[in-house]
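The two complexes that follow have chain A in common; it is paired with chain B in the first and with chain C in the second.
Moving on, here comes the complex of A and B:
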């Protein structure tokens, strides 16, 4: 139904676009407006994407160092330090997961960093076999932050028992491989941005299915719909299943930070919408200013209002989404519903305003 | 929404059937009810429990193909069930004298004088079971690769698919092949055929309302209902079919209906079933046969659209997410297999012959099969199938 409305709207847009072209000058631009897409892409790359990757890279360097210390001496202090740096890195991860473009897309970076729930069966099999190919598609759910979550909080019932696990070199080896791989992948993606991809990204300003802005905005919206709305809220809240699935929350084994991570993700998403710099409160060209140029401040205001409303709903939740789903799932589905309103504004209204088509379809589920 | 569309269609079908007088002049004599509800002396005269039973047996069998501890004997027994054998979890199925295998490639029009091909087709299904047990089950915990059977997970922690050495999921080949080999063949080439509807004294019996012994229906009425049952047999209320209630024809009619290029197909089929059944009650066999042709044409489209849809969705994931790609291509494989059971209206021919179907399947399985199939091959097969049915690859795949 939505697809039909959307098509009708697109068709209408085409008609409008075609009928107005006769009165415009004869420039060959495919862009339907005068907005400087290059400035938007430059702000995204220089002030948001690359700084976020740089910060993630630094946090993963710290994580690696703390991991090395823990491997050398698996005591409680080193475990606490390692857990703390895992969380710091995981928070920054929430700022880059939406940038599934360029090297990140090529490597299926996010599939190797944050697929949850983790398959503990696969993790344990990898540990016992040794030398697992962490890049293999079968291991997407046995690597990254969720696998480290399990390794640091879930391999045994108590901290003492967890420390005992690490008397086994195989556990040390797997933990070490996981963290090293996360750092190395991130380094590869960051280096690609700083060495060559930035130039490609900012210069691809046309309006085609393969141009930077079209791909980026699609990835951005898909991220919100799938990774933020569905994975963090909808799936554990049972929106797509008969019963709620609380064990599918992000950072399940930690049990305390699923809300922290979700709020981080929502903030990162909103900052990107508004062009807010990663490391400062300054802003630059963005989807928001693009909408202003198109005389659609009503829509950018609505988007921010709806994101703020969703944040208010998320703030009502327990720090531990697992407990939240079990104690009062209605609050969880209310947060989901508030996020769904944002999806509608993004996927229908914003894309229509930008005259960009959706490049992904919902899986048909069989 | 769907219901409104249905009733609009019924209304317009009625309107057309009443106002047009160039299709035999008898159409106006048949008044169709709005739902598939037919009564005799206050009792329903509709019966298709045997079809429901076979759909449920097929559901259990297909599920059983993914339980790696099952033996070939267990699965074969589910396929060729014998009355009283404890093959299923459902006691009613165990007690039944029906079996799935006996009705595969068993239509009067296509196979009564062609047992050789019927046996080849049954052997294909037997072979998929055997290969699943002997080649795939032993490799359940190994990683699949070109030339090696095993498991491959969809990217991003998705569903794990169990593949043969060429990337084919036998359970998908079996399930989607059964849509043609059982449901489509039985509906189009058996129960809607005059050879079956009019067999023996059926016309005379129907004209004078001679009922089957102890039943509320004539033999001809029952044959038509049995056709209906292979599509709607698992509906809770056949007066208001919701579709997608089994994983065979019901699910995929629902999918095709959801594609706006084919929207309306569900009500065309349902309304033709109603009008045809009403025509039997009215002893109007011209109208009955006209409805049968409508059903043949529209049901034939279902496996064709889905074959092209899955070839294209598989193509888009090739090399990116092979487990997803091969899953789609395995579905396509089964749907292509089903095309030999389709039926061009007003003819004795399928849209694609067995020879054509076998050639496509062979092409897909060449070398290492899905591991090295080219996008060109997938596009060519898509376009050729689309052309045969008069739609475009674009229409089927978007």
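Moving on, here comes the complex of A and C:
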């Protein structure tokens, strides 16, 4: 009797198994998981990350040359050239900041490139002391693009007065050190990618807390939440404080480009999501195609819709976020809210779909 | 009928199975505590967090700072004493109290299997688990051959409830007809050797796993009860639990269940285990057989004291156990969404749920507000658990309200903007963002500020 029950149970399991497979799995034969996570990482490395670093490196080379010219002869033309190449490099930087992995992570590269607001007290102290250790943690807010922003736009009230400042060799020296340091850091990170790290990166596809795939997903989402949503919009818009803090916008001293930079960052983020090659229109394996594989095109579509909606909100803002916050901060917080919806889709839905091991406490589950 | 019950209650059986159960239970618990300590979870889960999520009605139970280690030490030593059967009654009471205290300190770490341990150690207080093969036997110079049969049956019943109710909980449309959440979890195990890249990715395999898991849970208590199917059932138990251990981070639980199900085996099987253990002890020369065996007086039957109290207590206990998991029926909304009546009901591995909760502190007079960075107050693990469980959200809202009031903010209101995704559905708004949670009180009543679930999950 009992044996019969058994047989019945086992047969039932089989029937259920087979019938459910035939009803819901349309593919005729057993197909292995054909999403190639290695291809995803390869596309990221070869077509997005490394080309972006190469471009940044080129832009920084130009910046260094223009800086050398300016130091040799601190006139208005050279200052204008230098400012232009600073902006070009800063725009490319927006394509690189989210890749906080490998050498970049090890060197705390982004902390040495783009911590704002810049501490003008630290900068001025470093200038007068000379030979500051620019890599020191305490100098993270006195180096990188924000420090150069201050050096080129903020050290005095007018261009004429700024040029006068550069009659002082100490100012020249600090500006020179800043730019050289940015260039050499970038070279280090790029060389690591092109020499050895690429191979490590593309082969580490496992689902563990330390694999490059999982780290990349976590870093990518963290970047959006922290560097893009909070730093560029939330903090100046005052969503984390009782009052708005307009002086905390990116490129505060330039005053005219915070929107340009934010839009670059948003585009770079979306391109990475969709696997779009750096400064090209071709696409490869990406989070988007991974979601397609997991039958979650609803989510990849929603992500793109929400990013586009956020871009529309950002486009309504003044080029100068500082004056936007001061004149009509509601628009700023609306842009923040739109970006927050992207965070929801990333942190809740995308993480759930990928089911990546996140760096929570490694406690037991049920 | 009356006669049947009293015949049943007077029936006796060998004391060996319960003695073996006690030994293994004690060892497993002791190892669990050592593992917990070794992984540094005491510090991470109970000492580092600034704030702890308490159970309603047990708010006074908090971690004890650095003395939390002492609490764990007491619990571990008590477990060891239980294994030895040394001062058994005191040891098991100590274990029950310390273990339960630990579980009540922070509900972030709630696991069904911890609740199972609490219940099991509670009923073990009243069972004669030291009647045989225990250090207490040596000190009292008494050992017993048999004990009331119902004492062993009570453990079988508890195990049976755990499995069967876990099976009942799987009778829902997400589990059976969408293979959720296994459809999310299994493909992410692509690293597993041999099966990771192929089997784990197959749609049919997700359904096989869902259905066989359900059938396993529903059938296994009965398969273990019948002698003819017992060995087969035990093999199933081992295969099932080892497989889930490979797939999921479930710690000691599979091993505890494997060892626990041994209680279903006959006395002769357990006598063999005891013989084996005795030989092992002799080999380690921890036991002098000539000396001890001769001095022990062998009694045939253990007489349970205050039987007239214990039996009604057990009837009450098991009645509650049978009814309690169904308490969700008195709440109006979808159980998986609101989680009202979800815990303490053997609902295991049923949901892949993630959320995000952003708290907004508002000055009621001026309307000025700011958002809270949860990382300032919670560990990542706490934040994760908080973001999709309403009672956590409410308790944290009150903590934030108190915190900012204390900091000098006036007319504090606390609102939350939250989204939750359940079993692969797109995330949806979770808590009504216009409700000031600081003004809401915790209770067992339905929480009106949870937004309705926009889908339908059928089943139990």
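We take it that the second predicted complex is superposed on the first by the 323 of 366 C-alpha atoms of A that agree within 3 Å, B and C clash if a C-alpha of one lies under 4 Å from a C-alpha of the other, contacts with A are read in each partner's own complex, and residues count from 1 in each chain.
Keep in mind that, in the parts below, contacts are C-beta pairs under 8 Å (C-beta built on N, C-alpha and C of every residue); 3 or more make two chains touch, one makes a residue touch a chain.
Computed from a predicted structure; not experimentally measured.
**Q** Output check: A:356 vs chain B and chain C. Expected answer is one of first, second, both, neither. What do you get?
**A** A:356 sits against chain C, while chain B stays out of touch.
**Q** With both complexes superposed on chain A, which partner does A:111 reach: first (chain B), second (chain C), both or neither?
**A** first
**Q** Pick one for A:119: touches chain B only (first), chain C only (second), both, or neither.
**A** After superposition on chain A, A:119 lies in contact with chain B alone.
**Q** In this superposition, which partner touches a larger number of chain A residues, chain B or chain C?
**A** Residues of chain A touched, chain B against chain C: more for C.
**Q** Is A:140 touching anything from chain B or chain C once the two structures are fitted on A? First, second, both or neither.
**A** A:140 contacts chain B only, not chain C.
**Q** Touching chain B in one complex and chain C in the other: list those residues of chain A.
**A** Touching chain B in the first complex and chain C in the second, residues 3, 364, 366 of chain A appear in both lists.
**Q** Can you name the residues of chain B that touch chain A in the complex?
**A** Residue list for chain B touching chain A: 1, 143, 151-158, 160, 247, 251, 255, 260, 321-323, 331.
**Q** If you look only at chain A, which of its residues touch chain C in the complex?
**A** Checking each residue of chain A against chain C gives 2-3, 6, 9, 12-13, 16-18, 20-21, 24-25, 30, 32-33, 37, 206-208, 234, 238-242, 294, 296, 298-299, 302, 340, 343-345, 347-349, 351-356, 358-366.
**Q** Of all residues in chain C, which touch chain A in the complex?
**A** 39, 41, 44-45, 109, 111-113, 179, 184-185, 187-191, 197-198, 200-204, 207-208, 211-212, 215, 219, 226, 228-229, 232, 248-253, 348-349, 352, 354-356, 358, 368, 370-371, 373, 379-381, 384, 417, 419-421, 424, 426-427
**Q** Within their complex, state which residues of chain A touch chain B.
**A** The contact residues of chain A facing chain B are 1, 3-4, 7, 108, 110-111, 115-117, 119, 136-138, 140-141, 364, 366.
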